[in-house]
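Read through the structures below before going on.
The following pair of complexes shares a single chain, chain A, combined with chain B in the former and chain C in the latter.
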Partner chain A sequence: MNKIITAALLIFLGSSAFALTPQEQGLAIAIEGDKRGEGYEDSKVNLKMVLIDKKGRESARDMRVKGLEGVGEEGDKSLMIFDTPRDQKGVAMLTFTHKAKSDDQWLFLPALKRVKKISSRNKSGPFVGSEFAFEDISSQEVEKYTYKYLRDETLDGMDCFVLERIPTDKYSGYTKQISWIDKAEYRALKVEYYDRKKTLLKTLLNKDFKQYLDKYWRPALSEMVNHQTGKSTRLIYEDYSFQVGLKGKEFTKNSLKRAK
Partner chain B sequence: MKRVSNININKVAFISAALLSATIVQADIAIDSQLDYEVTGYFADSAGQNQETQRVNNSLALEVEVFNSWNDGDESLTFKPFYRIDEMDDERSHGDVRELIWNKVADDYELKIGVGKVFWGVTESAHLVDVVNQTDGVESLDGEEKLGQPMVQVLLEREWGNLDLFVLPYFRERTFAGKDARLSAGLDYADAVYESSAEEKHVDVAARWSHYWEDLEYGVSLFHGTSRDPFQTGLLTADGPEMFTYYAQITQLGIELQYLNEGWAWKFEGIHRDGMPEGTVTILAADPSGSLNTDCLTCVASNPYPGLDHTGVGEGKSYFATAAGFEYTQVGIFESRMDLGWVAEHIYDSRQENASVGAFEHDVLLANRWVANDEADSELLVGVIYDYEYEDYSLSIEGNTRLFDGLSFEIEARVFSPSRDNVTQYSLRDEDLVKMTFSYYL
Partner chain C sequence: MLERLTWMLVRHPWSVLLVTLLFVGVSGYGAKNITLNADYRAYFSHDNPHLTAFEDLQDQYNKVDNILIAIVPEDGQVFTPRVLSMVEAMTEEAWQVPYSRRVDSLTNFQFTRSEEDDLLVSNLFEDAQLLSVDDIESGKNVALVDPVLAGNLVAFNGKATGLNLTINLPGIDPAKEVPEVVGYVRDMVAKYEETHPDIGFYLTGVVMTNSAFPEASEQDVQKLYPVMILVILVLLFFSLKGLWGTLATFSIVIFSGVCAMGLFGWPGVSVTPTTLAAPVMIMTLAIADCIHILMSYYQGIARGLHKKNAMVESIRVNFQPVMLTSLTTAIGFLTLNFSDSPPFHDLGNIVCIGVLAAFGFAMLYLPAIMMLLPSKKISDEFAQSSKMQFISDFVIKQRTKLLVGMSTIIIILLALIPQNKLDDNTIEYFDWSIKFRSDSEKISETLTGIMSINYSLSGGGEMNVADPKYLATIDAFAEFLRSQPEVRHVNSFSDVMKRLNKNMNGDDESFYRIPDNRELAAQYILLYELSLPYGLDITNQVNGDKSATRMMVQLDKISSAEVIALDGRAVQWLKDNAPVHMLTEGASTNVMFSHITERNIKSMIGGLVGALFLISFIIMIAIKSVRLGLISLVPNLVPTGMGFGLWAIFDGQVGLSLSVVMGVTLGIVVDDTIHFLSKYVRAKREMNLSSEAAVEYAFNNVGVALSSTTLVLCAGFLVLTLSPFALNAEMGLMSALTIALALLVDFFFLPPLLLWLDKDKVGSEPRSQDNKELPEANKLSATL
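Right after this comes the complex of A and B.
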């Protein structure tokens, strides 16, 4: 995105005197949100995933996620390592996010020592049995959607922009997403996902935000509820750390094989 | 004749364990164990050679992994001993060091020294290019369980791809089911014979370069040394019939390709291998005059190609083999969260009827893979391998699910329907089986 245009859009945004189209306004909000997340360099977090079925029965998965911020036109990289369930221990997933094309993703199966490339066609499928799809947990690059500003609304006492975004990838499982982004910090507090039949499928709530390095806001809890099945999944983030000095060699196909 | 390699390996395992526990006293050691209980039921189609043998077999296996890392994770040691006790088959009651390997990650290279395991390849039906580790043949029918391989491995990861270089200083013999066991040839095994005078101490070398471009993954590999696939044939000795196992010196070039496009995964593996002797397995086909006797085994050892031509062992020849096909995945079929994969692969061996035991000469794999995407990670693979020349087939069903965190369940069923023309498969006709495995993670 041309920086001058971005800056111009942001100036326009602050002033209601100019007539911006809802699309331009939506894009400007998305770009500002993305900008506020820049510069984290790398991150580490422990993740507990709790799957809850219709009857309230829970099963848990533990994983660790390392992230490396992309430089320039490069997208972010991430490495996810599974600790539980115990039969899945050592399974690891490497993702190279791309802005303009589909992500590259590889899965390491420790029993066979086999690294398998995952088809991007899979992105709408459930991620490890949860209510999150692969595309929900991947890095949300601005270029992956087109945007439209809908309205202002208050959510939990916070002033929010309500934004519609439409995935550009034809393999997305969604026709649109509606997100509530707070005006103060540009955090996505709530997202509604509409399926291919344009009916409401899921709602994501991001809660208990904490700020790291005086800049980066991350939720401590993300809850995805599937309205059509009654199932839900909770993601609990623990021990976030940023700028810990992770290197590129920790995000390669060979590193997958030694991920522990 | 019993082979002694397993006993040696047990000793190695024990000594290694002792050394490991003595030298590493850091508190950072992670220990994980997996205990498998397996019960197998066999169903005979008709009274066959194994009609007297057991119908139900129990087996227990334990695999432990001890892992320790230091230097901020740049150095690590992994020790993974394995032991199985089998009710029926003494040859299957065996131990192995699956891994005992030191791994060092430097800025521009990675080094692994010890006993390790690597996997090469992309196809599902046959693993042609995968030649580093020997198959632990008594473990599973699909040949996917491997014995630990002593190695020095250097890994380079660059802009132009990944290059892995191997020196493999010691060879492991394939394991085979015992004479009276199920899924055996019904023969004792003579001591293995090697083409190389260095026998199992021949130093093998291998290299693999792999890279990707967009959704195309590709790899080229080279191997020179002792063939992991043996040449086998029945032999009539003074002690009666025995299985003769011969390990030739080979040079293999392997190619792997995988292209992902929309829901399709197109896969290809091909090898060109030079040095394998050809011949059909003609059980008890040795000279009826009985000119072969036990002494002859020594002469085989001293001369790679003695007067054994009448049993089918000949000069090393070159051949090629391919496995090619696709897997098409339908994501979320029937508006459910289930995925359905359609697998079709064709396997070809240019030696045709002279191919080695266990090779697919002209076969087709057709399979359906069901992935439930549920909290128990349930999967089901239903497949048939059909040999369109011999017109025989084998059906397989493999399913797995998690009962709770720490206990998994796996089921495998096989039905063999070999044709009378297919000598190597015909002995399996009464070996239809259902196997259930409970895996407990400690």
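Right after this comes the complex of A and C.
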């Protein structure tokens, strides 16, 4: 069975190397996944974040996210604009993801009318009180992890690669992640996050995938469950649009104040 | 019927022995299912309102189960590169502690400041080994005045610091999880102790409290049980004056304890140190049954009877009193089921099983085993003692003085009862031999308060924690709490907001105040949240939808009454100064334990009154007299009251275990009364003696037996005072005191009372009337 997969993979990747190590195999899968997401240029989506505590009490906030695909060695850029709660309406966060170093982030506070830079270590903390850390939702550049192919498994009837990836950033909150990537479309269906003491912390399930522009798959629902606190967070994505003509100058520190 | 059974037993001793061993073996095997409980919550019923409030608070914010590691350098120098870098290393390593959620220390404290108009958030000390004297000095200046750190993770005088680990126990199997965490932390600390011999390390916190329970349990088993066995052997040897009777009784004592724990353990239970007092009590109670039977048996042999005849006769004479006393004792212990604290249910039920088992063994197994052992002629040791005659003469002669004198003493002692103060303190539950106690006291002395109260203060709606009015109110509340003498440290979210406001305004001290604009505050919170690193978020202080914050108050080691009083003042302050939605009561383990005794007493009262009725009814049936049954209430109730009166003089602190002492002793105290009254009644009715002569008869017949069983019982319960677990030690002491007082009352107060209230009337009318009153009872007791 393994041989068949390896063989298939070799043909698939057009690689000439004979026996791939699990590390090479894992990297190859990650690269392929990244490749399939390439070329979207830019995107817009409305995002509803629902926080659910141990007792099932919910609280929600709305935001919009604009993304700009990185060119060449540049990472992706994103702009997140908060619509609710009322007191945080108009807060905008700009992120430059980098392949080799820590991301840069700025936050515009309308009440203060100023842009503030955010410490680069922040990305492992809970994002606005949710069970997502910023590193979970930011652009998943290939270079941010080392990989290892573990095994094949079916998940919800789909054939998947099971991949281990270890963050390269020392400020990451995780020691490793295990992800289930379906073989047909290279979508991350499920991710398990292991904390600094190597115990299972959270599980992410991406659901209701839809294909846009006949190419790009995006989940309509991402659900993160924290096993240690019993809390969970749902991200509901609505009205995805791609290639709407966003420009690089809309993603600068100065443009933050005008972000709407 | 009974005689035939006993004859059968004495004729087939080997079969009886075999069946007994089989029974003990099978039931005792269940003891292997018993585990040691490691969760203080075991002491609370599921519907305890203070527990519910606390759990609710923990659900809203993060859990507060913690381990606090205090670090106390001998030379008082915390702010040196060496100590700081050690704290830094420990902080880093502590993230690896099983189930840890968060680690807070002096070094990873998130210090915020303004730099080039940006909010800079960083560890207060980083790479401490490389820091210059100036760097350390400026960090020290921050630490010693920061309201979050000073008095909490660093001593006000800067001579001690601490590492607080927030532990999120899954709670699936606390008996395994707690030792796992504590073991890991102790190993970690031991490593640092070795490399830093000049630094003291001390551990306290909720998880350490949990861990102290099974540790006390283990010590109980290791310390108490051997002493108990020794005490039993000595007592038996002296009261039975023979090796064989001692051995036979000893086997019953052990069998009863094993059976009770085993039968109780079969379903698989976890036990607290409280539960482990049960075998000691069972062993003590089992002795009394055997002594009664063996004394009659030896007396029979001394009279020249054959072994078998002597035994059959002894069982015939003792069956009813031993059954009655076992029954009343069992009823007394069953009242513990009314306790609000589940471990006492277990204690009561186990002892109940044990007492009934001991009765069974004494009636069925003892006759058989004695046949297999050599009998020995007993001299007149077991004949009546002249001392009893002396006491009897004294009591009859001085009856008026005794009646008045004893009444006075009793009334004074009863009047002293309210002087007792309710006090439960989880730290003082453990004596100094348990490391948790000494460590906690040391931490209280050097670093911070080891007791705490939490207030979850609601803002009345989503994101309302950013409301300047809300922030101003909690800030004033924090100030109010800080002004209370018992309060060591207050952690309030308003301090974070004041600091952020200052930082956002170029670190201008004049901005160290609540932001005056709601949006601004909300956006500061967002910026701050996005700036905090892994594990150091604000979810431990602010709830999910930002509608409430938690105020954490550290206290000195104070009594329950003081905790309740402080909480009362805090609630009153909120009533006077805060909007209705902010009204709340304090919640914490300390608050839970502060209320536990009062709740327990209230819940016990119903059960005790019921048991008292039942026991009095049994006595009325047994002695076939309503009037004497009513009189018996006095010696049954008074000893407990006198005990608490004496306690008020010598100690005055009543904790959880004392609130169940009446349940423990009621059934035992009653035994003395039953024995005394039944002999008294027999003398009056069967021998037609006068009250005076009946008192004398009762003294001569049961005086020695009562004295020796009281001695045995007191000795047994006093063994519990060796327990490192205060609940057991106090329960043992108070029970022994009560049992001793019961004998005093039965000897020096009951007889004068009888001579006064049960005066001989002309003729025998009253007595026959008594008999007519309870014809049903007569039949009942005849069939027993």
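The definition used in the following text is that the second predicted complex is superposed on the first by the 242 of 260 C-alpha atoms of A that agree within 3 Å, B and C clash if a C-alpha of one lies under 4 Å from a C-alpha of the other, contacts with A are read in each partner's own complex, and residues count from 1 in each chain.
Here is the rule we go by: contacts are C-beta pairs under 8 Å (C-beta built on N, C-alpha and C of every residue); 3 or more make two chains touch, one makes a residue touch a chain.
All values derive from a computational prediction rather than experimental measurement.
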Simultaneous placement of chain C and chain B on chain A, clash or fit: clash
Touched partner set for A:Lys54, first chain B, second chain C, both or neither: second
First, second, both or neither for A:Thr252, with chain B first and chain C second: first
Contacts of A:Leu107 with chain B and chain C, given as first, second, both or neither: second
Which of chain B and chain C A:Pro126 touches, first, second, both or neither: both
Chain B versus chain C as contact partner of A:Met93, first or second or both or neither: second
Which partner, chain B or chain C, touches more chain A residues: C
Steric overlap of chain C with chain B in the superposed model, located at which of 495-503, 567-575 or 675-683: 495-503
Chain B and chain C footprints on chain A, overlapping residues: 51, 53, 59, 85-88, 112, 114, 117, 119, 121-122, 124-126, 128-129, 171, 173
In the complex with chain A, residue positions of chain C that touch it: 59-60, 62, 95-101, 117-122, 168, 170, 462-463, 466, 504, 517-524, 526-527, 529-537, 539, 542-546
Contacting residues of chain A [partner chain C, same complex]: 51, 53-55, 57, 59, 82, 85-88, 91, 93, 105, 107, 109-112, 114, 116-119, 121-122, 124-129, 133-134, 171-173, 196-197, 199, 228-229, 231
Contact footprint of chain A on chain B as seen in their complex: 30, 32, 67, 69, 73, 76, 103, 105, 107, 110, 117-119, 144, 155, 157, 162, 212, 214-215, 217, 258, 260, 262-263, 265, 329, 331-332, 337, 339, 373-377, 402, 405-406, 408, 439, 441
Contact set on chain A toward chain B in their complex: 51, 53, 59-60, 84-89, 101-102, 104, 112-114, 117, 119-122, 124-126, 128-129, 171, 173, 249, 252-254, 258, 260
